[in-house]
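Presented sequentially are two complexes of chain A, the first with chain B as partner and the second with chain C.
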Partner chain A sequence: MEIIGPVLVSGITTGALYALATLGLSLVWGSLGMLNMAHGTLLTLGGYAAFTAASQLGLPVPLAVLAATAVGGVIGALIFVLVAYPLSRRSPETFETTIMIATFGVALTLENAVLRLYGGQPLGQPLSVGGAINLGGFALPWQNLIIVVSAIALMGATALFLTRTKAGRAIRATAQNPDAAKLMGVPVARVYLQVLILSGMLAGVCGVLVSSITQLSPSLGADPMLKAFIMCVVAGLGNLPGAIITSFGLAIVEALVQFLAGARWGFPALLAIVILVLIRRPGGLFGRVEVRRL
Partner chain B sequence: MKREDLAHPLVGLVVLAAAIALPFYVDSRYVIGQVTLGLFYAIVASQWNLLFGFSGVFSLAQMALFGFGGYATAMLCFYFGLNIWAAMPLAAVATVLFSLVIGAACLRLSGAYTALLTLAVAQVMYLLIVTDTDCFVMVGTQCRQLTGGAVGFARFGDLGTRAMFKAKFLVANYALVVALFAITMVFTWAIIRGPIGLAFRALRDNPGCAMARGISRFQMQLLVFGLSAFFTGLAGGLYAAHFNAIGPGVLSFSQLFFIIAMVVVGGIGRLWGPLVGAIVLVAADEAMREIGEFRSLGLGIIIAAVMVLMPNGLIGLFESIWNRLRTRNPGMTAEMSGETPA
Partner chain C sequence: MVEPSNSPCLVVNGLVTGYDGRNVLTGISLSVDPGELVTVVGPNGHGKSTLLRAISGLLPVRKGSISLNGRVISGQPAHRVAANGVIHVPQGDLLFAGMSVLENLLMGAYLDSDQAAVARRLEEVFTLLPKLAERQTQIAASLSGGERRMVGIGRGLMMNGSVMLIDEPSLGLAPIIIEQIYEVIARLKASGRTILLVEENPARVADIADRIHLLDNGAFVWSGEPAVLLQRDELLATYLGG
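Moving on, here comes the complex of A and B:
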């Protein structure tokens, strides 16, 4: 049973990353009803921003992470101001699909901008720590520990922000019922902007973490984003705690399948689980079935 | 017959005449080749338009179905030695069956859920083909994977046009693609005009009311999924036959969104939207060849900008200009209809 250790280490590490990516996606979906196809690109931009700050400008690690956060937040804000806001004003009834196409255009643009600026070859993220702790039989790399701890800390901070602050309460109110929130004097458009900035900041840090165990490449965010989408769907789009639990659970299953059957079967196994779950529970594992008025 | 009913066939005849005239005026093999490629895109885009524009199913598996048709054709020829002309319709039927399996799994949900699941299916298909390294058969001294692996299949059959038309074979292939395009458009037009098309559109515009009138959303959307898969798969087969090669590249993200961009630029839910979009984007792609490196970047900006600035596409833009010109003449109605948003 010596595979349990490595499977858990790799499963929990990727789980933490998926959970962080899912958190940003789910936040935006839950409040704006917008599936941000550029979320993966925000991860990529975060990773490259940290790389530029740390190895090209020689800034210390905390500043590099801050740079990644800032870039994610700014791009998130730009996506809202330039794309999401005009689209939602123009055609609210088709927003759900048009925003996916439009944000994909954004993703394509940004990803190619990264490709032009940095080139296609993979780069090493300087913000990674070597070495490992020996836990009686298997090694726990420091990097993995750092990832899990920072991901959990970020999720905790987000949860505190959403539940304890006035801005967080406004976000939750808008997610539950935008019209009622507006009538209570919540500036809904500003809340939406805040949500996208928050989601972009989370994505920026997540990109730094993802690139610290893999490598920097223009398509860095694509794989975590697709997985995060799947986690969101299984959990029920817009459900934050459910999305986090699902991320860890499915990541461990994925790691197990990859160890037992080979790396290429991890994703197909995930997809099969997702489809089976959705056939039984179309609203997702934790999703409430929506009652829509006509 | 109403005037609107005549408009589409008339446009169709003009397009067909232009397509037939083209090889008589243009001698460049390169241009003919690019127009052929554009027509392949237009066929796939028109079927995605049938699915999304007319029926409201946001599927991201369109290129996966196109690829499936191409791969099925190549594999039927490669492993079973079938004639390519027999393989193409078989592959198209196989694509329909494959699409029904995907549809049964993904269409119970709607909107963004369907989009994500179909995208995941397409991505899994791509990954499984690219990472396939196990030897299935040995060709000479070379190992060949069941799915062709990252390389794909090449030289598995021939349409016979090369032997029949010698140097002019490219024009013959072009004629085949034009014919397939024409049949596809007639098929699409017949569907959206008929009672099924009405049901599709009802489900798109107001699923709740449509279901209350006794239309089964799942069955109808599965039907349109299967219907649109047939010509998509057939186009995939002809694509594989035309280039005599098929690889995992057709399943890539950028190819899928190139198709979607065509529908968006031309006009979602407009019969001729995909063709207009294909012409504009292939032409823009050619124009951007000068600035080579920035092609995808430009494409991304075009998609986002068109979506935000003119959500009804070029045809929608023409329609609103046309309506404004028409209502300007009879004085009174101009002020009344001028205020209503398009």
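Moving on, here comes the complex of A and C:
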């Protein structure tokens, strides 16, 4: 039974990372109807930004994390201003399809830029703490604890922002009914820009956390992006608390399957769950079929 | 209360608008004076909602102009029109379904950063619509049709505007609820509000309207006093064809 501790630690850690990646993806998807295929790339850029700030420029850790956040936010803003906004103006009725293709192009471009700048070989993320706390039966690595605490703190802060502030309320209102929000005087395009900045900032930090227990590589964000997509679909679009619960739940299931049946069965098990959930509940566990909302 | 004034609050002049390749409104002109309740009636699908959507900027104006208190507002995006003082209580309410009643009302005061004024208006809304005070924390999607309509009107009242557009407040409601809603509208008129109301049923608005426009196929076919309209041939022709 002493093995259950490490499996849970691993499951909860990946769950926290999935949840953070999912939160950013779901925010944009739920409010703009935009599946941002470059969301994983924003994670990658965040990881590399922190690496550059800490290793190459020798900046202290908080500044390196801030750099990752800033890079994520700026690239998120650029994706809106240069890609999403013009596309939505030109052809609103096809936006949900064209934006997927367009952001996929953005992802490829940025990923290749990273490859060009940093090379393809994996790099070590300097923002990583060694050592572990000994909890009787097993060791809880500090890095895992930091990841889980940071992710929960960020999700909590995002939830407070969305529910307790006027700007957050305007984001939710716009997601639920853009026309009504306009009638209330909400500048909807500016709200969308804020959502992409917020999502990019979360992705930037998430990239730092992911790379701190793996390694930096140009495809760093691909796996969290894929998992975040799965979480959004299983939870139901736009339900943020549901997406977070789903992330933790499925990550723990994945860790258990990997431990009991072998590492290569983790992902097929996730996909099997997706299929079963969608057969029973096409709108997702927490979602409704007909509407997207936040 | 409204100052007696000779200049109209809202003026629509030769408005042409529509969707895609088709014009729905083919030249609408109307004006609403301060404190007046002007009504546009006509069968469904003849452009009543389109008119209000064009005034509030949700739909682009193709020809003609719209001005509010002497300033041209046509051509501005909807959020700018709202900031200029047009309140639009849309058809089907368009509530923020996942938000509480209170949050919906506060969204109405989005443009107002004066907290004291917002709190005062919230009190006024709760006095006029006591049901909303009881339901403050309830999620909008779980309300009944009549309560939702009240949230829609209350949300509009939270805005600081000079003219209120109300789109078919009786839509989909039981007769007794419709009466309650029209009592609220009568009280809004009595308090001096300037209102442009759209309704399918002319008899419903005959009592409270100062003036009525009859809309048929994108243009006004008759305009005048409500008492006269109910005896006019145009009314039957519009609703029954002919």
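By our rule, the second predicted complex is superposed on the first by the 290 of 294 C-alpha atoms of A that agree within 3 Å, B and C clash if a C-alpha of one lies under 4 Å from a C-alpha of the other, contacts with A are read in each partner's own complex, and residues count from 1 in each chain.
One rule holds for everything that comes next: a residue touches a chain if its C-beta (ideal position, glycine included) is under 8 Å from a C-beta of that chain, and two chains touch if they have at least 3 such contacts.
Everything quoted here is computed from the prediction, not taken from an experiment.
Counted by residues of chain A touched, the larger count belongs to B, out of chain B and chain C.
In the superposition on chain A, contact of A:173 is made with chain C only, not with chain B. Within the superposed three-chain model, A:181 lies in touch with chain C and out of touch with chain B [touch as defined at top].
Applying the stated contact rule after C-alpha superposition, one finds that A:113 touches chain B and leaves chain C untouched. Where the contact sets of chain A with chain B and with chain C meet, they give residues 294. Across the complex, chain A meets chain C through its residues 166, 169-170, 172-173, 176-177, 179-188, 291, 293-294. Residues of chain C touching chain A in their complex: 56-58, 77-79, 82-83, 88, 90, 94-99, 103, 106-108, 110-111, 155, 159.
Remark: chain B residues 52, 58, 105-106, 108-109, 111-113, 115-117, 119-121, 123-124, 127-128, 131-132, 206, 208-209, 212, 253-254, 257, 260-261, 264, 293-294, 296-297, 299-305, 307-308, 311 touch chain A in the complex.
Chain contact summary for the complex, chain A toward chain B: residues 29, 35, 82-83, 86-87, 90-91, 94, 96-98, 100-113, 116, 222, 226, 229-230, 232-233, 237, 263-264, 267-268, 271, 274-275, 278-279, 282, 292, 294.
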